[in-house]
Amino acid sequence: MTKSSKKNHLNTNFQIFPFPLNVQYVIDWVMSPESGGIDVFIGTVRNQTKGKKVIRLEFEAYEPMAICEMEKIAAQAFKKWPVQKVLIHHRTGILQVGEVPVVIAVSAAHRAAAFDACRYIIDTLKQTVPIWKKEFFEDGEVWVGAHP
Amino acid sequence: MTKSSKKNHLNTNFQIFPFPLNVQYVIDWVMSPESGGIDVFIGTVRNQTKGKKVIRLEFEAYEPMAICEMEKIAAQAFKKWPVQKVLIHHRTGILQVGEVPVVIAVSAAHRAAAFDACRYIIDTLKQTVPIWKKEFFEDGEVWVGAHP
Amino acid sequence: MKIKILAFGIAKDIFGSTSVNLEMANDSTVYNLKYLLEQQYPQLKQLASYMVAVNNEYALPGDSLHERDEIAIIPPVSGG
Amino acid sequence: MKIKILAFGIAKDIFGSTSVNLEMANDSTVYNLKYLLEQQYPQLKQLASYMVAVNNEYALPGDSLHERDEIAIIPPVSGG
């Protein structure tokens, strides 16, 4: 359990882990007898970006603020759609191709809300949550999006 | 391996199982070094429908035709969006509240295609795939949607 | 010709069986089949709708039936 | 007042450190801080953009800073 998980309520679960994410745990956590559908988004490390071969990625997080921003996104999701549980787990550290940087799961009585909220959460996370990705290529490395 | 799985290609996986679905298998199957995002929809048995308590469900499938219809839906998804792998697993038999009747997973280089295709697949599956659901209540049972 | 019709979901309950056998003229269509079945099983007319599948494909009313076709009654589906 | 600024991602590379200490006037704002940092670390001006966070919240240029605030430089994020 991370320090930040103390802030979690019964229907939200936000965590940042330096080790592999457990998708089965995620699914078991968001399920409930009241839910009819769960949408799960799993980010995976792709072997290329804009045609250039990617060797590995490194993720760095400003952890307490990242958890705060995740809370804000989830609060918006609960306001916008009738969802039941929201989980966001993000990795830090070095990740190889095929590994999972992020898992987002949303349960709801009806699937439309789960789909809408899950997509909103990943789209917004990529804009607001203070986590940074460095791409390692055969000929160098770059912090993604840092320069125009 | 079911009889029907012989029809599967490298990038599709359609199966109907009389026993619990394995979500970890599903995710491992759709992942690839080329994918950047996976969207997974997990249907779950809800404890009520229109305010009435549900005890359990029973699913029946016309298996060979169900697999044919799944193939058609996936073919449409590949035509509409740049997706990489499509998996549809559906349960048959008696399911208790909280169990999983269906898992759909789609991988793609970019997440928008995975979300769009996954949602299209579950929406279309519910309209065209010959699978039937019987709801068991405290005071009786009903084939869902059979009567106007 | 003699044809065998598979039944699923509520159609199975209406037929009281997972399949029924019917004797039909050689040039019969899906429309003819539905008419005949609705005579024998009037409860079919109370369904929200139902389709006929021939060889694992949804069939249209004008499609003709053949002796070895796999024919099935498809009441409103509710998977997922 | 003396303030400590945390750095992440490329800001850490620009500062050459995970944090820097600065001496600022007591009534300084986020705007004043950015100005001062850009004097000392001109590479900040080459970033696509960057934000300042105060006590785990994104701050506006007019927000004032206080001695015990947790201040961080937030270059363009790229999680997910």
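For reference, chains read A, B, C and D in written order, and residue numbers begin at 1 within each chain.
Note that a contact is a pair of C-beta atoms (placed from the backbone, for glycine too) under 8 Å apart; a residue touches a chain by one contact, two chains touch by 3 or more.
Because the structure is predicted, anything quoted here is derived from the model rather than measured.
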Greatest separation from chain A - chain, by CA centre
C
Indicate the whole-number Å distance between the mean C-alpha point of chain A and the mean C-alpha point of chain D.
25
Based only on mean CA positions, could you tell me how far chain C sits from chain D in angstrom?
72
Got the chain B residues that touch at least 2 other chains?
43, 122
If we use the touch criterion from the header, which chain pairs count as touching?
A-B, A-D, B-C
Can you list the chain C residues touching chain B in their complex?
6, 8-10, 12-13, 46-48, 53, 56-58, 72, 74-80
Show me the residue ranges of chain A that touch chain B in the complex, using the header's touch definition.
23-24, 27, 31-44, 46-48, 97-98, 107, 109, 111, 114-115, 118-119, 122
Can you list the chain B residues touching chain C in their complex?
43, 59-62, 64-66, 68, 90, 101-102, 122, 125-134, 143-148
